[in-house]
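Could you have a look at this structure, given as structure tokens, before my questions?
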Amino acid sequence: MSTQTPAIDIEKLRKVYTRGKEEVTAIQEISLQIPEGKFVSIVGPSGCGKSTFLHIVGGFIPKSTGTVRIRGKEVDKPGPDRGMMFQESALFPWKNVYDNVAWGLEVQGVEKAKRDEIVEHYLKLVHLWDFRNNLPSELSGGMKQRISLARVLAFNPDVLLMDEPFGALDAQTREKMQVELQRIWQESNKSVMFVTHDIDEAVFLSDIVVVFSGRPAVIKEIIEIDFARPRQLDVHKTQEFMDIRNHIWDLLHQEHSKSGEDEF
Amino acid sequence: MKKGWNIIVQYQSLIWIVVAWEIIAFMQIMPERLFPSLGKVVVVAIDLISSGMLMENLPTTLFRVFAGFALAAVVGVPLGLLMSRSAKLNDVMQPMFSLGYPIPRVALYPILVFILGLGSASKVSLIFIECLFPIVLNTYYGATRVGKIYLWAGQNMGASSSQIFWRILLPATMPTIFTGLKIALPLAFIIAVLTEMIGSTIGMGYLLSYMSASLMQEKVLACVLLITLVGYLLNLLLQVIQRKYVFWQ
Amino acid sequence: SGQSAQPSSGAASGGQAAAGGNQPVEIRLGGGFSSEEPLWLMQVNPELTPHQGKSYTLNITQFRANADRLNAYQANQIDIASIGQGATLVAASQGIPLKVIASVIKETPGKGFNTPFMALKDSGINSMADVKGKVIGIPDFKSPTDMWARAAIRSAGMDPDKDVKYAIIPIPSMAEAVKSKKIDIGMFPQPFGATALKSGEFKEVFNAKTGVQADEDFLSMFVNPEFLKNNEQAVKDFLSDYVAALKYYNENGTEARKLLIEKQKVKADPDTYINLTDNNRSTDGKVDPEGWKAVQDILLQEKWLDKPVDLNTIIDMSYLPQ
Amino acid sequence: MDKRLHKIALIEVVVLLVLWQLLAMLQWIPEYLSSPAVIGKELLAMVMSGDLFSNAAASLYRSLLGFLLVAVVGIVLGIAAGYFKPIGVFFTPIVDVLNPVPKIALLPILMVWFGISDTTRVLLIFLTAFFPCFIATQDGVHGVKQVYVWAAQNMGASRIQILWKIILPAALPKIFDGLRVSLGLTFVMLFSSEMIGSSNGLGLGFMILTADMAGRTDLMFVSIFVIALLGFLFDRILLAVRARLLWWSENRG
Amino acid sequence: MSTQTPAIDIEKLRKVYTRGKEEVTAIQEISLQIPEGKFVSIVGPSGCGKSTFLHIVGGFIPKSTGTVRIRGKEVDKPGPDRGMMFQESALFPWKNVYDNVAWGLEVQGVEKAKRDEIVEHYLKLVHLWDFRNNLPSELSGGMKQRISLARVLAFNPDVLLMDEPFGALDAQTREKMQVELQRIWQESNKSVMFVTHDIDEAVFLSDIVVVFSGRPAVIKEIIEIDFARPRQLDVHKTQEFMDIRNHIWDLLHQEHSKSGEDEF
């Protein structure tokens, strides 16, 4: 495959939800090309269409118009090349933690011994090996999120789609997970599309931050971030970091005052 | 045009059945007396309608179906919901259903006749008993599966037990309740017809047994066709109501 | 529906052994739950039936209603049906091919048991005149019992459609229905008649013969003509055994019924059953064509039969032992 | 299984029997309704003679075969109709139309094809008990959270895997609701299916019929009692299986 | 009622979850007294027992041992004096947004006209008046959270129990909501118990921050914060704010390294 082909290629994507006669335009029009192996974050106001965007890229819901290509192939259904971590818990309530993580591997035909090894590795990574026999209903919100992370990492997709994966984690756990995610991403050649509300997190992790406008979403700005890798936590304290962060903040702030006016 | 085609696609299974039936009837694969062509059956059915036989018997059967079914719904839904809330009530009721439901109630019908007479009372009671089980069970299990967070939210806003019962538990259980109702309604219909076949002088079941005594299968099938049609329409009505009340699923 | 193609595929199932050598022919007989003692005896007492197992085997299936039996007959699931006279006539007039070959039980005026219609002793219903305006319980419309009741009403100069009402009551709950006054008069065939009489609470108001004065073959057997053609000898042998069983039963009623109870063939209360007075039965298995004609006339009069059946074409006593 | 529940069931039955016996002894109910003592005596006699077992075995064979058929066909078809829209569209009208048909009316036709045989009886049971299972399964599939299916698709699960490993377990609670109703109906139909005539004379439903025709209500009640008992037993077995398979669910018992 | 009585009085609270023979101790032992009208935040590592704690105070789940009193009255069941906002969405899926918010008021017997007024007020406050006719399933994660906020505020309880109420909101919306919550709390005499993973948020909003240890939870430290009210957003930039924030960070960090060791 030519290296010229973008890993993710989105053209004139548009999404309108309909219910009866009512229509809600979630995505106005978005075009975006992401080269292979990049870490991309998406930030934007609540309800602007980020989850919708990820669901379309994941192939879960149909788009209204436009095209979405992953490594040159048009997306029309979900596939294991794109691992999705959903905003709400998608853990199977009838499987315990261990089996939830192992299932994707089983489906992929990974043999038992290998599977056990991988599951153990990732459950330890998210510090929940002790809870492997528990049911999802017996876990706290943050624990569920970490299991979902382990599940998607374990089955090792080329493209990671993550919808606020660390939203329910405390600051420390969050930092640990960020560091781990960066490491895993660097060691592999994954492309990541990452939705977050935490601007610091977006800047710290990403090669590219895409800022969405308020609903209906268009791209407000695309910001490239080129701190050296691997990034250490203290990069937060550099002036450059602060500048980018404040810039994004301002962008969103504009968006907000605007949409605030709209809605009142 | 397009709409017409869609309807054909949607109901193609029935069309296939009719076609298969007609082929069997035409080729006389089955004895002709037992397997008349549907054309004949429809003619007889129309005759039953135009001669007033249908209108003489249908209202009685419908009344019995409605009465028994409505009674079962009015009693069964709250009972199922209550059982999900009260372990004590559940302990008392569950064995009754386990033990009581498998009893061949039609065989016990004469006892009901002894107590309630041959009129509608005994038939409505049997329909009631028959429908109760699926309605109660589906309601009960549905209610136990309602996320407790909804009940918590209700309690939290100071809702009284009865408000939680009627305004949270009931709507949250609605999809499953309708499953139970969908299962029960045809049962109500079948039992109405069966009991009317045993001892009655009016009703669709009477008409059916009367026709079968005259040994003409096309008359019997015409009755079955009419019964089926009415049952189907009732079911349709239920689905319309369901769409109205569980729009959110 | 003059065309009478059915049942015709009989050659496939019943008749296959006919041409062959010693293989016995299976006779599939559909009967009911009452009054078929001679047939049941054939099952429990092989001594009476020398041909059974040699030229034929007997497979009896019991059905609840006449319509079930006739359906099974049309579906070619039985070769011989033991069934009511009225149902036979209706079936024949509908063009269902059949040959009546033997009588099973009769309602003969003044001979043997006549099915009574009874009221409570203290009901005040003493004669036919008191029946006016009352409710009579019968098990089924258009059945012999219906016919008996209507004929009796007519014979007393009343209009069976206007002067009385009918209620459909399953026979087992007839006694209760009368006792609880849901109906005024109930019909009691054996063994219910015997039980009811024993209780001393009931008295007869009229009976099956009050209106229908003929010698009725209340139950008789007919055979599928196709089957008959292919298995003439087997049917003859069967009928010869049947008449032997019938004879034995007529002569040794009490012992025969005792045996039936012992062999679990009959589940009735033993005391009542063993000692009951049975209806009249044919001595040689023959039906009474005069009786058939009389009944057919009644059926025509009631309009239960659209057109008369040529009785000569359906009754054939020539297979019975001469 | 819950011991407490058994105790309560036992108490209920005993209270009912005592009441019945009392009413019978006071002659407040007609002789026609018999009495527990008479029925008990008859039951014992039938146990001793072994008649009961041969009859019960014949009936059980038919009803359990029917139920098995219902479970397999009902669940498979229900899942297929719930998950694959075209299959659902195809089957919905048939189910809606056939459901209210009094199945007994189809008997003559079944008889031509299958004779007066166990096949006919089992089919009759199947035709009645099929619908609750099918409807509940289909509704259960419709109620499965979309995000579970998405997650599975996302991990590259095949359709079969999704049906078998996601839809089935997620719909299982509702499937069991349907199965329980179907099981009950199976035992009810056991009577009706044997009513069509029996050639070897074995079966509890047939026993009811013979006894009823001969005015032996005590015998009739014995059969009814045994059917109820068997129904209860299998209902409890079904509940135990349910508790086993739904151990993860909040309402497992 | 004496002003001496604490609004919330928790003594030797302990909670053990059991499943079959297994036991998970969620809360080791917690005692805590909160005076009337205080804003209290709870912070602690993921899975330490914060939600459990709030659920017990709300009266939703039984405690194992200890006592919980609200205004002197022992808690044994949920009540409208304590409004709870759950970590996961508890919106009724069969009611539209408007009816979800109105329901609590209806139950309280508030008359129609008044109710409409209140609902409109709070739906506008969370910027979702336009979505009043939508079903919860048609909303984004952040929108659902804002509706839940509107719902609990609308029915105006004395004590607010909030479990990560702003977790799914973007930074700007979050700030707006913080400011609004502070205003509403100040205008009324509510006591608030607020679980959050955002240390800044905890410090900015609270009179008292309670730091929980890792599971099983005990109280690690109680920190009083006395910036003047109403606080402006720029309080974040003061040195004092930074100091408190860093102190809490360190506390949690210790907790983390400890639990990290435990779990590996």
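Chains: A, B, C, D and E, in written order; residue numbering restarts at 1 for each.
To be clear about the criterion, a contact is a pair of C-beta atoms (placed from the backbone, for glycine too) under 8 Å apart; a residue touches a chain by one contact, two chains touch by 3 or more.
Protein names from UniProt, one per chain: A, E = ABC transporter ATP-binding protein; B, D = ABC transporter permease.
None of these values were measured; they are calculated from a predicted model.
Any chain bridging chain A and chain D (ABC transporter permease), meaning touching each of them, is missing here; the list is empty. Hopping across touching chains, the smallest step count from chain B (ABC transporter permease) to chain E is 1. The minimum number of touch steps linking chain A to chain B (ABC transporter permease) comes to 2. Sorting all chain pairs by how many C-beta pairs they have in contact places B-D at the top.
For chain A, the chain whose average C-alpha position is most distant is C. One finds 83 Å separating the Cα centroids of chain A and chain C.
Centre-to-centre, using mean CA coordinates, chain B (ABC transporter permease) is 37 Å away from chain C.
Chain centres here are Cα means. That of chain A falls 27 Å from that of chain E. Listed for chain A are residues 88, each touching two or more other chains. For chain C, residues that reach two or more other chains under the stated contact definition are 71, 74-76, 170, 172-173, 176, 180.
Across the assembly, chain B (ABC transporter permease) contributes 31, 34, 110, 114, 249 as residues in contact with two or more other chains.
You'll find the chains touch as A-D, A-E, B-C, B-D, B-E, C-D. On the side of chain D (ABC transporter permease), the complex with chain C involves touching residues 30, 32, 51, 107-108, 111-112, 115-116, 195-199, 201, 207, 209-217, 219.
Per the touch definition, chain B (ABC transporter permease) reaches chain D (ABC transporter permease) in the complex via residues 9-14, 17, 30-31, 34-35, 91-92, 94-96, 98-108, 110-111, 114, 133-134, 137-138, 141-142, 144-145, 148, 175-176, 178-180, 182-183, 185-186, 189-190, 193-194, 205, 208, 217, 220-221, 223-224, 227-228, 230-232, 234-236, 249. Residues 30, 33-34, 59-64, 68, 71-72, 74-78, 170-173, 175-176, 179-180, 191-192, 195, 264, 266-269, 273 of chain C are the ones that touch chain D (ABC transporter permease) when the two sit in their complex. Within the complex formed with chain B (ABC transporter permease), the chain C residues making contact are 1, 3, 5-7, 66-67, 70-71, 74-76, 90-91, 94, 96, 140-143, 166-170, 172-173, 176-177, 180, 182.
Residues 17, 19, 24, 43-47, 50-52, 87-88, 124, 127-130, 138-143, 146, 164, 167-174, 176, 197-199, 249, 252-253, 255-256, 259-260, 263-264 of chain A touch chain E in their complex.
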